[in-house]
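Take a look at this one; I'll ask things after.
We just call them A, B, C, D and E in the order they show up, numbering each chain from 1.
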Amino acid sequence: MSHLTVSNISKQFDKNEVIKNLAFTVEKNEFVSILGPSGSGKSTIFSLIGGILSPDQGTIHLDHQVINGKRGFISYMPQTPSLLPWRTIVENVLLGQELQGKKEKEAALDMIDIAGLTGYENAYPHELSGGMKQRVSFIRALLSPQSIICLDEPFSALDELTRLDMQKWLLSIWEEHRRTILFVTHNIEEALFLSDRIIVLSNKPSQVAAEFHVPFSRPREESLFLEDEFLEWKRKIYYSLRKAQAPCSAAYGLEHSNRDKGNTVSIAARC
Amino acid sequence: MSHLTVSNISKQFDKNEVIKNLAFTVEKNEFVSILGPSGSGKSTIFSLIGGILSPDQGTIHLDHQVINGKRGFISYMPQTPSLLPWRTIVENVLLGQELQGKKEKEAALDMIDIAGLTGYENAYPHELSGGMKQRVSFIRALLSPQSIICLDEPFSALDELTRLDMQKWLLSIWEEHRRTILFVTHNIEEALFLSDRIIVLSNKPSQVAAEFHVPFSRPREESLFLEDEFLEWKRKIYYSLRKAQAPCSAAYGLEHSNRDKGNTVSIAARC
Amino acid sequence: SNSNSASESKEKDKHSLKKVSVVLDWTPNTNHTGLYVAKEKGYFKDEGLDVDIIMPGDAGADQLVASGKSEFGVSYQESITQARIQGVPLVSIAAVIQHNTSGFASPASKNIVSPKDFVGKTYGGWGSPVEKSVISSLMKKENADVNKVSIVNMGDTDFFTAVKRDIDFAWIYYAWTGVEAELRGEKLNMVYLTDYSDKLDYYTPVLATNENMIKENPDTVQAFVKAASKGYEFAIKHPSDAADILIKDMPDLDPNLVKKSQEWLASKYQDDAPRWGEQKQKVWENYASWMFDNGLLEKKLDAKKAFTNKFLPQ
Amino acid sequence: MVKIIAKGWRPLTVLLLLFIVWETVAIKSGVPDWLLPTPTKIFYEGFNGWFNFYPNLLSTIKLSLLGFALGLLIGLLTAILLHLLPFIRESIYPLLIISQNIPIIVLAPLLVIWFGFGLLPKMIVITLVCFFPITVAALDGFKQTSNELKHYMIMAGASNKQLFWKLELPYALPSLFSGLKISATYSVMGAVISEWLGAKEGIGVYMTLASSSFRTDRVFVAIFAIVALSLLFFSIIVLIERWLVRWQLKGAK
Amino acid sequence: MVKIIAKGWRPLTVLLLLFIVWETVAIKSGVPDWLLPTPTKIFYEGFNGWFNFYPNLLSTIKLSLLGFALGLLIGLLTAILLHLLPFIRESIYPLLIISQNIPIIVLAPLLVIWFGFGLLPKMIVITLVCFFPITVAALDGFKQTSNELKHYMIMAGASNKQLFWKLELPYALPSLFSGLKISATYSVMGAVISEWLGAKEGIGVYMTLASSSFRTDRVFVAIFAIVALSLLFFSIIVLIERWLVRWQLKGAK
């Protein structure tokens, strides 16, 4: 059985149907990315797995256990940094561990260092820039001990260089310690560079629109970004994303010529 | 005289020197982007222009007026959405205008519609996804009446399709109504696609590391992304960014082969 | 011999002294002098009692005594009358002052010398219907109409403050407030209740206990009253020394006021009665029937049960 | 409304239970009526004596409403003043605390001398009781305003007035309502106390008279009235809070 | 500490000014001493009568500290209980309000009859006065916890206990301190009132004695003592707040 099995779950808020019959699995130690339009329900999926919401229908299994509405099984990085304002950076970083029992201050300090936050160990969150807060939240999730890590757009507030750095760091940690990772991102390259598998969500009510097994071998180097196959895959996923959002783009009435020669395809679609 | 003139300003927090002798200008109706590493002081520059912080040294002119520490001259979109939780989406969108006197509810509803938030006019912020909140904050800034708009990473939480959509919409508004825009982003393509000029900041204490006049004619189409000249520029700016961060990447001790054939260059640098 | 008896009673203390308490009506004043003297001079100890004098504050004496929480208390005939009507088992065991020393006081400048002068004036009271009836009774004697008096509730406000402002006259105990006025050199006119109506010459204050005590521990009651009686007799004979005892126990009181009040009161404790503390059934009946006639009581009082003289020393 | 009624049964049950326990304990243990009457006796007296009691009740309601309104006004104004003029805050705060520590028995004569036995001194007493919790809670509420939102508002050019009305006041509402709840609860007792400054009617007057004539049942009628009034005021504040701060409730779901 | 002393001069100046105004007005307008003594007379009496007054002061300090501590404990426990067990909240809340509306004059005989004249009934009175603002403020504070942070904590597997200790309690601190400030201010008055339940010494006893023997100067000595104590308690709470909630102050800069 898969590590995480999401079987036909549905969720609606009042009359707003957000997820409908969504099903996917994540294997043990697999790195899976979720791509989908803004507002399609990616964060909601995490809330369902994390147990803060219960699906209206369907079940979520972790190993052999149904975890609908059960908490404490995931290491979580929310979309907003969510740092406790009265705790210093170290104390915030240690929070995830603290909730599960043990605290490793040494490891935390090391990680703060690698994330480029040296000197801010004892600063309070309001003294940090947006990207710095995001990195703190990221480290906090990495340090949490659960077997499955859910990251919600962890690098959205970072510049490209810092972002690449973080990605590589994440990869190196993951390749060494092997944990199951579920990763939400808007960046196709990021998803390709990091994941074993990519799940593309459709518009709301969201379902799995497409699924891709990323064929690149590991360990991956940043040179991957430049390989033709990588660009090929990028285009492929881009199209599938576009198709997933299609029903709406028609309604919006924009027509685009498919002059895509390069790696970036420009189609506006909106819901 | 330029519309906005920032002359040799410096700012430090306690012992943390963030900005040192920074100087740049923005012309009337110009679209200027600021690129720089995370934590380099981009948001701080906005705080200084917006008057919530005063520079330790130097002056900021708007037209012929010194606006050090003076408020109310900019339409502002902060890095975090900062919506008032007790106001519905429309009410939040109208807040910027309200502070300056007049309210145009019709225009607000139109914009909410174009931003893909139809049906959420009367929802409260906590009912929105991260990207949706960001769009609300974006519209709020657009609707504020001041002559200069400061946008702090407005599209960071959006998927690529929605992001492109927003970019094009911003361009169309700007081309029609012509206001001065100062735009912080981490995305080089975005900066190139939108701006007249790009300012690259160095690492903290930040100074202008490089400045680029973007030569592409207007109105710009999304096909621009595919032109060779665009890719050329992208690479150029990427290098300059990397150079700006160089003093640190050496310390970090990573060596990268410059095998950049494509559009994405992979260099890790961190501070 | 005094010190001898003191050490003797100390000895007694350890073995057989019975602990009882007496609850005052409010703060200590010259109405209570006899109790303080009896305690200080060892009269209580001589009777085998270890007496605790308690200021009850807001708790009030009557309920504490009635419920048996405290054995003895200081009360008033008015209270005991009303209490008994409601079934509260209080019994008066000695009148502290033989005649009612209360009356309507007013600054001399207001020219209120008899009840008919109340007409057109403002009375400051605490809102009890008794007040209007009393004023009415007095005024009837002089054929004046109580409805021409404006009655204002002045709550907790003290006399001197009240007459500074809207109030013309108020109901006071001369022994305390009247003496204070003398000390301040303020001239007062008094209209005493006793001068106009026999029925209003009731006992105020009195010592009280509850029915249960009388039934179960008559000896204790007897001992208590005996010692208290000795205390008050001392105060009658040696007002100055008695005052000193009260002042010594309660240094926060104003010594001048205590001394002067004590002097004024010394002759009033026993007055025309054969012995200190004596109560007449007539007085109890008179007042109760007056109250009943004025609609202040729901039923008639069984006066015999409300008081007793049997514990007074012969 | 339906929800509120539906929710209302629980506290009512508890009250009912309390009454039943009280009744049985009082009967079993033989506590005499003059010490602690049984609830049935109290309700009986309340019912029978209603026409005597009613004007007193009305008078106290009027007093406490007026006093609470005044306390709210003054409390809020003080808080706003101290918030907007931080340099006088330190100087004035001790005075506020002093105002809470002057015993009524001392204040009363002064108030009477200055203002007579009319409405004014009573208003002053109730206001003194009511304004303080409101001021403290409101001030602390203003102080808690989220920095992020404040940052946006100031950057967007909000004047101090706008900052206050559009951000700090709504943000302080939950905290302010804490203060209002405390004050509303105190307002009725405040009114009763103020009646000791000389009133012709009112629950306070009724109660002291009842107490001095050993009508313990009536004393308890008065207490029940005070409690019922306080509960009513408190509930009204809670209802207004639910309505004004409903965005918070929605978020909490 | 230096900063606090530096800040202390302002309220002190205001107090001094107040005294000067009072003194001159009292002398000019010829208010008699027995109605409103001048501050100099009051200080003179306070100084002269210090040895008589001192034990009373000590006794009241002890009472109010004990009572406040107990009130804090009970107030906090009640709030936590009601917060963690929302289904009993609705049922218990009315009881809390009732507790605030039983007049002391009614409660006093009952308390004395049940518990005698010892420490216990007095503690009960002070605790009744002190716990309510703390409970209300703490409850409202718990309720205000940021949803975003709560969301993270729950997702990260925080148990209810952890959620409470690591998030809700620290988040409620500013609000809780509002309540503490209100309570600390009331605690001294509460102690004074409790002394009316028959105490042998204490500021309350001293004050009633002084008042009944028309020693207005001593009454004011008592009031000054009450006010000074309250200010002291309040300041201590503020200091503790500054120290515990310093992250907020830092953010507000």
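As a working rule, a contact is a pair of C-beta atoms (placed from the backbone, for glycine too) under 8 Å apart; a residue touches a chain by one contact, two chains touch by 3 or more.
A quick note: this is a predicted structure, and the numbers were derived from the prediction, not measured.
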| item | value |
| --- | --- |
| Mutual neighbours - chains that touch chain C and chain E alike | D |
| Graph distance between chain A and chain D, where chains that touch are linked | 2 |
| Furthest chain, CA centroid comparison against chain B | C |
| Remotest chain, chain A as reference, centres from CA atoms | C |
| Length of the line joining the C-alpha centres of chain C and chain D, rounded to whole Å | 38 |
| Rounded Å distance between chain B and chain E, as computed from the means of their C-alpha atoms | 51 |
| Per-residue overlap in chain D, given as positions that touch at least 2 other chains | 35, 105, 109, 113, 147, 208, 248, 251 |
| Shared interface positions of chain A, touching two or more other chains | 80, 126 |
| Residues within chain C bordering two or more other chains | 63, 67, 158, 161, 164 |
| Chain pairs that touch, as defined at the top of this document | A-B, A-E, B-D, C-D, C-E, D-E |
| Chain D contact footprint on chain B (complex, rising order) | 46-47, 50-52, 71-76, 78, 80, 82, 84-87, 95-96, 98-100, 124, 126, 144, 146 |
| Contacting residues of chain D [partner chain C, same complex] | 32-35, 105, 108-109, 112-113, 116-117, 195-200, 205, 208-209, 212-216 |
| Contact set on chain E toward chain A in their complex | 148-149, 151-159, 162, 166-167, 170, 245, 247-248, 250-251 |
| Touch list for chain B against partner chain A, complex | 13, 35-39, 41-44, 79-80, 116, 127-132, 135, 152-153, 156-165, 168, 186-189, 222-223, 225-226, 231, 238, 241-242, 245, 256-257, 259-264, 266-271 |
| Complex contact set, residues of chain C against chain D | 62-63, 66-67, 79, 82-83, 85-88, 124, 126-129, 152-158, 161-162, 164-166 |
